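A, B, C and D are the chain letters, set down in written order, and residue numbers restart from 1 in every chain.
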Amino acid sequence: MDEAARSYKIVLGVIGADCHAVGNRILTAVLTRGGIEVVNLGVMVSQEEFIEAAIAEDAGAILVSSIYGHGELDCQNFRARCEERGLGDIVLYVGGNLVIGKQDFATVEARFREMGFDRVFPPSVDLEQVIGLLRADIDARRPMALGHNSGRFVVEARA
Amino acid sequence: MTEIENRMLSDATFQAERAEVLKTWPSGGTVDFDAAVAVQAALPPEKRFALALAEADAEGRTLLQPRAGVALIREHEALLNGLSPYCDVLPTTIDAYTRHNRYAEAQEGIDRSRAAGTSLLNGFPAVNHGVDGCRRLVDALSKPVQVRHGTPDARLLAEITLAAGFSSFEGGGISYNIPYAKHVPLERSIRHWQYCDRLVGRFEEAGIRINREPFGPLTGTLVPPFVSHVVAIVEGLLALEQGVRCLTLGYGQAGNLAQDIAALRSLRRLANHYFLNAGFTDYKLTTVFHQWMGGFPEDEAQATAVICLGALVARQARATKIIVKTPHEAAGVPTLEANQAGLKATRQMVNMISDQNRVDSPDIQTEIDVIEAEVHAVMREILRLGRGDVARGIVQAFASGVMDVPFAPARANLGKLTPVRDNFGAIRLFDAGHVPLPDDVLAFHRDKIAERARAERREPSFNMVVDDVRAISASKLVGRPA
Amino acid sequence: MTEIENRMLSDATFQAERAEVLKTWPSGGTVDFDAAVAVQAALPPEKRFALALAEADAEGRTLLQPRAGVALIREHEALLNGLSPYCDVLPTTIDAYTRHNRYAEAQEGIDRSRAAGTSLLNGFPAVNHGVDGCRRLVDALSKPVQVRHGTPDARLLAEITLAAGFSSFEGGGISYNIPYAKHVPLERSIRHWQYCDRLVGRFEEAGIRINREPFGPLTGTLVPPFVSHVVAIVEGLLALEQGVRCLTLGYGQAGNLAQDIAALRSLRRLANHYFLNAGFTDYKLTTVFHQWMGGFPEDEAQATAVICLGALVARQARATKIIVKTPHEAAGVPTLEANQAGLKATRQMVNMISDQNRVDSPDIQTEIDVIEAEVHAVMREILRLGRGDVARGIVQAFASGVMDVPFAPARANLGKLTPVRDNFGAIRLFDAGHVPLPDDVLAFHRDKIAERARAERREPSFNMVVDDVRAISASKLVGRPA
Amino acid sequence: MDEAARSYKIVLGVIGADCHAVGNRILTAVLTRGGIEVVNLGVMVSQEEFIEAAIAEDAGAILVSSIYGHGELDCQNFRARCEERGLGDIVLYVGGNLVIGKQDFATVEARFREMGFDRVFPPSVDLEQVIGLLRADIDARRPMALGHNSGRFVVEARA
């Protein structure tokens, strides 16, 4: 159980000059309750800070929130920066009120996927679902974890 | 930095600081105080914020004000003129880069917005547009216009916008730090806002009345009334000390009608109490009620219902002004049409309530009693900590958790105080943290929360708080288990 | 026609009449009572209106119900299923030709609607669609469905819809005559509704509980609460006499919060008083609150605010059910989307108010006292006129103006009573006509109106009434001079 | 004055099976206050009743209300019936919630003008304006009244 928890570690924060702190607190509470280890950087986090933390903590995913509308400006080249720092394969999620104004979510999603995010979420997303996706995506991106997992399966089945 | 104190900045200090402030971005170079006074003096009466408030207060009317701000001058002007027929006073909401003095990024936002043909900024970058740009804006309007932002260091913003004819300035050293910033020390933002207040005081001394409005709702999320009241009163005292004479104190809707009415009624009374006790008599006090400042429902009809509840209670409590939300609130910066819809719904509700019987009940009186006891307890401790100086006191109060704003991002805030709703939806303290409330008040909170816990057959816990935070957007007031 | 009396129709009378009724349009031929009972008995619990009401009443919930009706079965089914997720119980609003038994014109409306590809009727012509068509409809739904109309002679409509599984039937011999008809003698419509009530009574005796709902709001326009209360109580007594046991009494929002809460609270109490006094004990009483039934504002945001005020007060008064308006109200029969919007706004408001403190005030108590005094005075006179028979009494009361509904089209109504709002927006009597109210009550009305007249510096006159009628659509509650 | 009032006489009513009585009361009050003589037939008025009354009262205009949505069905051939009865020239107004549902007013107006109504009004119409139009339209349709009017002008000028 302790081991399982450690294997889903994520870095969470609100990007740019964004001060919206409530969703961040809720995300931390709900993800933690769901067995995800959350390294929470809080609000006003730069791309560099996200990447530093992900490296330092050996996280399986970075969850970026952008609530205040400057998401498009703040998230540019995030995937490229990750690649530069050797995090080319890390799971990248982004969610919140990503753009200015009420826009069609499909086009917003497309724009952020274009920018290299694996998944893009509107504010109304069901966080329980996010937990499931997160586990699956982190597992899928972890090649050596596969063997490890199946090994663990055998151990558990024996016990 | 020398220790903060609540004393009027000397002319010398102010002038020296001013020279530095105006250098922080090129547009600062065009600011001239005498010219600014002339611009303000030339404003027709219908463009003066302080007058609009005073008249509304005298006639018992409630003014409506939207939020609005886009990147480019022409678009912003069109937006405000589109809102003008539906409201009484105008806003100019400043973008988030400017709020953090990141003018270079704001410039990039302007440029990219020009290229994209749509605003990529979440507000109007007034500093970048400079005095001339802002004046063009003010000239194109026919109602008073206020700067609304969230800027810990708003000195340059104040210089530029007041020089351009904006006649009201929102914010304060606490209310524009704790909910809006992360790393800014409280003494620094308070000091910077002493500058802003002193600037307004200098206008006042030059015969120009500029309205100042501390930001009432703070984080907008389950803020107990006493918490925002203490901030409002302290910021009022700080502003009065610097020569501000026209104050509008704010409160963000909590959702429970009795508590909201009690909050707005007690705010006026408590503020007058502390202001008079501090020796101020020649000020003009009005109130502003913010429609629900927490997470909204996504659906526009549901959002409109939230707006209507706020309109109703604001008018029942006889607020001088209402800050109006829009049916787009949960989605993003509203269109002109959505903003108009919020104003129209609010106006209809305010009008329908205006003539009706004054609302009073034992519940309201109980809430007033509780709020007053809380505010007095905290104010007493603030003054004790500051050895009579409210500026010093509030800094120490935040540092020690004597004052504590829920869900605030600022490091300067302890973050131990945790609110939760009671069984009737009023905001109570699940954890008072280090806030020194009287025992009977704490017992009242405990009992109220226990009553809810019994009704829901679960222990009070942070899960309950999480449910409450998400309740209104999930169409409820109290976050009950499914 | 022999003189009307409030006595249960004998089986022989009923059966003879029934044979005639079923012949008035071909679709009557397919009605069979035993088959009807079987259809009703086969309804699953979630489709039974009486159950939904009883559960809501027991749990203190408030049900939402829209209005909806279009010409063709398939379209109507789609419409109701589109509304179903947003409401608790379903309606079927009947078109105006059917209401006047003009089935040939209704048929023309159906045919033309088919040709036009859009409904040209303002409701669902249930008689023309017959038992089979209506059953197809009921089968396709998953919630209880009620017939809502305005039919002075609804005997065939009742036979057909109840045989098809509708489990609630709105209307009454007074409330579906005075506001809806012009030439129909009151004794005739009351007699026809005794038939409808007896039919429901026969279902009740066969073990099938059908809900009956007298139409509360009458003309929807400045109706003083006592006027609609008297009609509701008299229709309740008439229904109980015919064997009806599940009654929902209604009230249409007046606009003043204290008066509206008082009205709904007193309605329940007064009805129980008269029903128990008449010897009935085994009935189930619930209440329905109609959101503002007068002219709406054209603007959809403003209309939503009117809807929200109704939702709030309905829930504060703990109505069992709310009849929900839509943002299209002023324009025309609403689209599905507009209807959903009305329901969503109402739900949000009801949910936000649900948990809150019970509202009470001396103002509410005063209004209750006044309403009760008025109702008792008029009921006393009705019983005196009818020599103890409420059916005979109400006919004579209308003939002599002892009962008088404002703005009613019916010749059977005197039309001398004239309402006007007081300075707080409550509905008072500018002219009581021949209604025998106690002197102190009349003085109360006079004083209240005088207070308004002083405030507006004009004499009370019909101009004031005209202004009040148009006030809500002009964004006000009280029609003040410009 | 008495004479002027008599010269603007209209027949008013709500057509078909429509029971909406409030607007009719308001129209009567406001038009009367505006110096129009109103013959009010109330609600549920048939085409025949309108025409009979217009003939019997020698009215200058018929004002038809339709509120309940069946206006299109109820108003068909109204102008033709008027012509049959020798009222081909009478001023015909219609107003209210003329059709089912919220529809674009311009197309509704066109449809009713097609049907022979001189003017078509939405519920939100300013009744003071209607009074002005009514006077003008009645005057314009009254050929012999022209001479009468100018004669009266002379008389008044002399007095």
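The rule is simple: a contact is a pair of C-beta atoms (placed from the backbone, for glycine too) under 8 Å apart; a residue touches a chain by one contact, two chains touch by 3 or more.
Everything numeric here is computed off the predicted structure, so don't read it as measured data.
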{"item": "Shared chain contacts [chain A and chain D, defined touch]", "value": "none"}
{"item": "Whole-Å gap separating chain B and chain C, where each centre is the average of the chain's CA atoms", "value": "46"}
{"item": "Interchain centroid distance [CA atoms averaged], chain B/chain D, Å", "value": "55"}
{"item": "Between chain B and chain A, distance of the C-alpha-averaged centres to the nearest whole Å", "value": "33"}
{"item": "Residue numbers of chain B (touch at least two other chains)", "value": "none"}
{"item": "Contact graph of the chains (line, ring, star, complete, other)", "value": "line"}
{"item": "Chains that touch, pairwise", "value": "A-B, B-C, C-D"}
{"item": "Chain C-facing residues of chain B, complex", "value": "255-258, 297, 299-302, 304-306, 308-309, 311-312, 327, 340-342, 344-349, 351-357, 359-361, 363, 423-425, 472, 475-478"}
{"item": "For the chain C and chain D complex, residues of the former touching the latter", "value": "96-97, 99-100, 102, 105, 108-109, 112, 118-122, 150, 179-183, 219, 221, 294-295, 298, 328, 330-335, 338, 407-409, 462-463, 466, 469-470"}
{"item": "Residues of chain A touching chain B in the complex", "value": "16-22, 25-26, 29-30, 33, 42-44, 68-70, 72-73, 97, 99-103, 123-124"}
